[in-house]
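You will see two complexes here that share chain A, one where it goes with chain B and one where it goes with chain C.
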Partner chain A sequence: MTKKRWFMGITASAAMLLAACSAESVEEGSSEETDTINIAGIFEQSGPVAAYGTSELNGVQLAVEEINEAGGVNGKEFELTDYDTQSEETEAAQLATRAASEGAHVLVGPATSGAAMAAAPSAAAASVPLVSPSATADQVTVGEDGEVTPYVFRTSFKDSFQGIALANFADNELGAEKAVILGDNSSDYGVGLAEAFTGEFDGEIVATENFTAGDTDFSAVLTSLADQEFDVLFVPGYYEEAGLIIRQAREMGIDQPILGPDGFGNEQLVELAGAENVTDVYYSAHYTSEGDNPNVSEFVSAFEESYGSEPDMFAALAYDTVYLVADAVEGLDEVTPEAIRDALREVEDFEGVTGTFSFDDFHNPVKSAIVVELENGEEVNFTEVQPE
Partner chain B sequence: MSSFMQQVINGLSLGSIYALIALGYTMVYGIIKLINFAHGEIFMIGAFVGYATIQFLNVGLVPALIVAMAASALLGVIIERVAYRPLRKSSRITALITAIGVSYLIQNGMIQWVGPNVRPFPQVLSNVRYDLGLFSISSIQLIIFGTAIVLMVALQLIVHRTKMGKAMRAVSMDPEAAQLMGINVNHVISFTFMLGSALAGAGGVLVGLFYNTINPMMGFLPGLKAFIAAVLGGIGIIPGAMLGGVLIGLTETMVVAYGDSLLRDAVVFVILILILLVRPSGILGKTTKEKV
Partner chain C sequence: MSKRMKTILVWVGAAILGFALIQIAILTGWITRYYEMTLMLILINIMLAVGLNLIVGISGQLSLGHAGFMAIGAYTTGIVTKMMPNLGGFALGILGGVVLSGIVAYIVGIPTLRLKGDYLAIATLGVGEIIRITILNLDITNGARGLSGIPKLATWYYAYIVALLIILVAANYVNSSPGRATISVREDEIAAESLGINTKKYKMIAFMIGTMTAAVAGSFHATYYQLIVPSQFDFVRSIDILIMVVLGGMGSLTGSIFAAVFLGLLNHFLADYGAFRVILYAIALILVMIFKPSGLFGRKEIKASKLFNWKKKEASRS
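Let's look at the complex of A and B:
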C-alpha cells in the first residue's frame, strides 16, 4: 500500500511537471495555427445554479457535435473542453485563465451574470473572447468607465432591454395606464429591471414595493396593493418568489394582469402558483419552442434525441452561442482568439434559434424579446416585442 | 378599515407560524437553558419529510403530519444525544456554538442532498377562502392558527399537569437535585427534545402546505424570527412564545402595510435589540436575581 502510494506520488508529480510544460508550450502557441478550434465551456455544472450551467453545456455539446458532423468550419473541427465552476464566481475567474492557457480560442459561459463578470478580467488578460449565453446584467459588457469590455459578448438580451420591452408591452398590448411594481430588491436583476421599466412606462407607476429573495409571505404587501387602482402588476424577480406572489395575489382577488421578466421562465412557476391561478400572466422570454421557424423545430428534435428532454432557453442560447462562434470563424483566414473577437463584432444578421441578430457597439445582440402569455398555466400566446 | 382588519388577520396568521416554531424553542430553553439554533432546521426537515410522505406514499395530510412529527422527534433526540449531551457539563457558550454548527450542518447537508431549489408542496388540502365582509381568511390560515393555540395549551398542560412535566420542571430548576430524587435526567431531556422537535416538524408541514414552497433554507429566517419571538415573550415561558410570535407577525405586517416593505426584517431585529436592552427577561418574564 505504502509502496503504491509512493509510486503514485511520483507519477502525480511527473504528470504535474508535464502538464506545466505543456501548458506553457500551448500558451505560447495559442496565437498560432492549430488543427482544431478549441472551445472552452465554462459552466456551473454543480452547486446552486447547476441547472442553468448543465443545460447550457448540453446545448453547447449538441452544437459542437452537429458542426463537426457537418465537417467543421473551414475544414477544422471544434474541440470542446468543459470546466465546472461549481457555481463559484472565483472559480469561474480561475478557470477562464486556465482554459486560455490550455489553448482555448474562445470561452463559452458562464451562465450567470456574476460569474461572467468575474471571468471577464481573466479573458481580457489572456486576450481570449468570452461569450456568455445568458449573462443578462447590463454591466457584463460595459465597464465602470462606460466603455465596452473588449473581450466579452453575450447571446441573450440584457436586463434593461427586458424592462423596456415589458414596459412597451404593458403600454401597447395591455393598454395599461397605471402600474404597480413589486420587485426583488435583493438582486441587481430585480432592481435593474424595475428601474428600466419605470423609465420607459408611459403611464403612471402608482406604487413600488419590495421583497427579498426567500420571502414566502406577501399577504401584507399584496393587501395594501389591492387597495390601489392599477391595470398591471409588474414583478421583477425570479420564479421562486413570483410563483408565490401570483398565487397569493390571485387568492386575494387581485385579478389584474401580472407581468414578469425571464426569471419567470421555469416550469416550477406554475407549480408554485397553482395552475388555476396562472391566467393573465405574461413574461419575457429569450426563446420559444413554438412557432414555425424550421431551425427551431430541428433543434428541438435533435436536442430531444440526444438528451431525452425538451430544451429550455438556456440550452437554446448556448446552442446559438456555438453557432455564432462558427459564423464568426467562417470568414477567417487565420484562427486566433483576437481574430475571432474581431469577427464576432462584425457578425451580421446571424440566424439562431433564439432570433436573428447583430451586435451593437456594446457587444449586446440586437434582437427581439418574446412575451409569453400564460393561461391556466399553459403558454397560449406569443408576442414579439421588437428592439428599439 | 377593511384593509386594516385584513392586515391584522395577515399579521395573526404570520405570527402564529412564528409562534408554532417559537413554542419548541422556548420549551427546550426552559428546561435545559440551551438555545437550540438547530430548531429552525428541524422545522425544515419536518417539511421535507411531510413532502416526501405525501409525494411518494400518496397519503393525506394527517398521516404525513404524524410521520413528519415522528421523524423530527427522532432527529431532535439524535442531535441531543450526539451533539449536546457530551457538552452538558461545558460552558453554555460551547453548547450554543455547537447548536449553530448543527444548524449549518443540517442546512448544508440538505442542500447537498436534495439541492437548493425550491419545490412546490403537494396540495393535499384545497385552500378555501372565507370572505367575512371586513376581512377574508383561508382554511389553512385557520388551521395554522388553531394548531398554534392547541399546541400551546397542550404544552402548558404537559409541563404543568403531568408527572413528566413535573420532572421537566425539576430538571430545569436543578438537574443534580432532580437526579438525587430519582429522576432520570437523560430521559427527561430526551423527552423535551422529542416534544419540541415534533412541534417544529408539524409546523414545517403546515407552513409548506400554506405557502406551497419548501427548500433547505426555509428554516433559517423563520427560525431566527421565532427565536426573537421567544425572547420577546420571555424565553422559557410557553404562553410568552405565543404572545411574542403574534406580536412579531403583527409588527412585520404593519411595517409592510403602513411603512416601508424594505424595513420589514430590520424592524424585527431592532425589537430584539430593544427588548434585550430594556427588558431582557421578556414581556411575560419575571426578573429574578440569580442566587450565588
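Let's look at the complex of A and C:
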C-alpha cells in the first residue's frame, strides 16, 4: 500500500505542475545598458552555400575592425560573435534565438532567403532586429498578410526589383521583342525572378523552360529553344548551372544575348562557361569594384589587404550592413535592440559601397541595380538601372 | 498489486517526472529559449527515430525515404493550419498528415516491400525523392519557395506528450502478437512464412506505423519552425534519422530515444566549435561503430518490468 501512495503522490504533484505549464517562462532580452554593441554574425560558414556566408562574414569582420579602430560609435565598440548555420534553415532559427539570448543587439545574416525567413520568427520573438545582407526573396520582409515583418531588414534589392530591372534592360537597352526563359525552378530565387521578368517584359515570352539545381546537361532543352525565334535568353539561376548553360548554348550556335540575375556574379561563371563563350552576357549586380566612388576603392584596398583577394558583392553587402547598423546606432542615447530597430527604419540616404539608399515601408533598400556586360569573360560595360 | 500494474505505474511516474523536471527547469530559467529549441528538436527526432526503428529495426526493412513521409505530414499540417490557425487546425493537420502518409505508404509499400535488402533501400530512397520532387512542383505547396508564416502551434509539452504516445504505440506493437510476427520476419523471412505468417502483411503494418509517426513529427516540425521548404526533407535528412537508429541499436526503441537525445545534445554543445563540430560528430559516430557495431543498446531495451524481476531475483537469492 505504501508504494501505491507514493505513486499517487507523484501523480498528484505532477498534475499540479501540468496545470502550471501554461505559464510560459519569460525571456529577458538584453535591455540593460552594455559597454559594447553586440553584433551576432549568423552565417553559412559550412555546407553547400558556405561560399556566400564566408564571404559575408569577411565583410562584416572588416567593417567591425574599421569601426573599432575609429573609436567605435558613441564611444562604444562593436563586438562581433559569429555563428555557423551549416547552411541549414532550422540551425539558423536556433542560432538566432541563441544569439539573442546571449545578448546580441542586432543579428547580421544569414546570406540566403530561406535561412533569413527561418530566423525571422526567432528574431521577432526575442525583439532583436535582423539585417540580412543578401536575402533577396520578396517575402523575406513581407508576411502573407501583406504586413511588413517588423524585425527583418535587408541590404540587397529584392528579386522582383531585379526581375523588373532586367526586363526593362532587355526592353530598352537590348531592344528585345521576343524572350525565352530558362529558369531554375528548384529554388525560390529562380521562380521569383522568372515571374517578375514575365510580368514586366513588354515583348513576348516565346517559351519558358525549367532546370533543376545540380543539372549539368542542358542540350535537350537548348536544342528545343534553338528552333525558336527570340532576341534574348533570360536564365534566372545560379552560376553553377548558368555557366554550363552559357557554354552549351554558345557551342550550339545560340548567339543571342544572355541575361542573368546577381547569381551570375561569381568568377566561377567564366571558368565554367569558358571565357571565349562569355560574350554578350549581361547580369545584374549589387555592386561593382569599377567606377570612381572613393568609398569603393578604399573598401577594395582594405579588403585586399586583410584577405588577399578582391571582395565579391556578398562581402560588399555585408560590409555595408555593418556600417548601416553603425549609422542607425549613432543617433541613439540608449542602445537597445528595439531602439536600433526603430533607428534602422529611419535611416536616410545611407552612403555605402553598394550604393546610396533609404529604406521603404517594407524594410527594403531603395537603390539602383547595375547591369554588367561581359565580353570574353571580362567586365566591359556598366549600366545603372534606377528603381521606379 | 499486479506486476503489470506496477510496470504501468513506473512508466507513468517516469514520464511525469521527466515532464515535471523539464517544466521546473524552464520556470526557473535553466532552460532558455535556445535550450528549448534543442529540446524540441530532440523530441521531434525521437518521434522520427522510434518510427524508423519499427521499420528498420523491428521488421528488418531498410528504408531511406523517411524524410519524404515527414514532408507529407509537415506540408499537410502547414497547409491546414494556415487556413485554420488554431489547435483544431493543428489536430486536423496531424490527422490529415497521418492518413495521407499511411495511404502513400500503402501504395508504395505494395511493390517495394517485395524487395529485399539493397533493392528495398534504393526503392525507398526513390520514394522519398519522388515525394520531395512532387512537393517541389505542386502549386498548393508553393513549390521551391516553401510555406512560410505557418502559425506557431507546437509547444514542447505537446511534443513531449505526442512523443510519449508514439513510444507507447511502438513498444506495445513490439510486444503484441503482430509485433512478434514482425520480428520473426526480420529474423528469417522464409522460416516465418513456412509457419504460416503473412510476411507481407506484417512488413506493411510496421512500415505504415513507422511512416505515420514520421508524418506526426513533420507536423511538429512545420508548426514549430514556421517555415518549410522541400530542401529540408531531402535524402540527407533520411540518413540523419537512420544514423540515430543505427547508433542507438537497430531493434532497440530505448536505443533510438537515447541516440536522439545524445546526438541532439552533442550537436547543441558542439555548436561553439563551428565547422569543427561536423568532424567531432563524425568521430563520435565512427568510434561507436568500431567499438559497438550493433549500436549503443544492441537489441536490448530498458523495461520497467525488468526492475521487478531483478528485485525478485535479489529476494530469492538471500
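Quick note on the criterion: the second predicted complex is superposed on the first by the 359 of 388 C-alpha atoms of A that agree within 3 Å, B and C clash if a C-alpha of one lies under 4 Å from a C-alpha of the other, contacts with A are read in each partner's own complex, and residues count from 1 in each chain.
By definition in this document, a contact is a pair of C-beta atoms (placed from the backbone, for glycine too) under 8 Å apart; a residue touches a chain by one contact, two chains touch by 3 or more.
Everything numeric here is computed off the predicted structure, so don't read it as measured data.
Of the two partner chains placed around the shared chain by superposition, neither chain B nor chain C is touched by A:S309.
By the touch criterion stated above, A:A226 is placed in contact with chain B alone, chain C being left untouched.
In the superposed model, A:N74 makes contact with neither chain B nor chain C. After overlaying the two complexes on the shared chain, residue contacts for A:S301 are found with neither chain B nor chain C. Touch criterion met: A:A118 reaches chain C, while chain B stays clear of it. By the touch criterion defined above, A:N381 lies against neither chain B nor chain C after alignment on the C-alpha atoms of chain A.
In the overlay built on the shared chain, the residue A:N185 is in contact with chain B and with chain C.
In the overlay built on the shared chain, the residue A:N172 is in contact with neither chain B nor chain C.
Contacts of A:D84 after superposition on the shared chain: chain C is touched, whereas chain B is not. Counting contacts as defined above, chain A residues 185 meet chain B in one complex and chain C in the other.
Taken in their complex, chain B has these residues touching chain A: 3, 6-7, 10-11, 13-14, 111, 115-120, 123, 127, 129, 136, 138, 207, 211-213, 215, 217-218, 221, 252-254, 256-258, 261-262, 265. Residues 3-4, 7, 10-11, 13-14, 17-18, 20-21, 23, 25, 27, 45-46, 82-84, 86, 89-90, 93-95, 97-98, 100-101, 114, 117-118, 121, 125-126, 137, 139, 143-145, 185-188, 190-192 of chain A touch chain C in their complex. The touching residues of chain A, when paired with chain B in their complex, are 48, 50-51, 185, 209-212, 214, 216-217, 219-221, 223-224, 226-227, 240, 243-244, 247, 251-252, 268, 271-272, 274. Residue ranges of chain C in contact with chain A, taken from their complex: 1, 6, 9, 12-13, 16-17, 19-20, 23-24, 26-27, 29, 31-34, 37-38, 41, 82, 136-137, 143-146, 148-149, 152, 157, 221, 225-227, 229, 231-232, 271, 274-275, 277-278.
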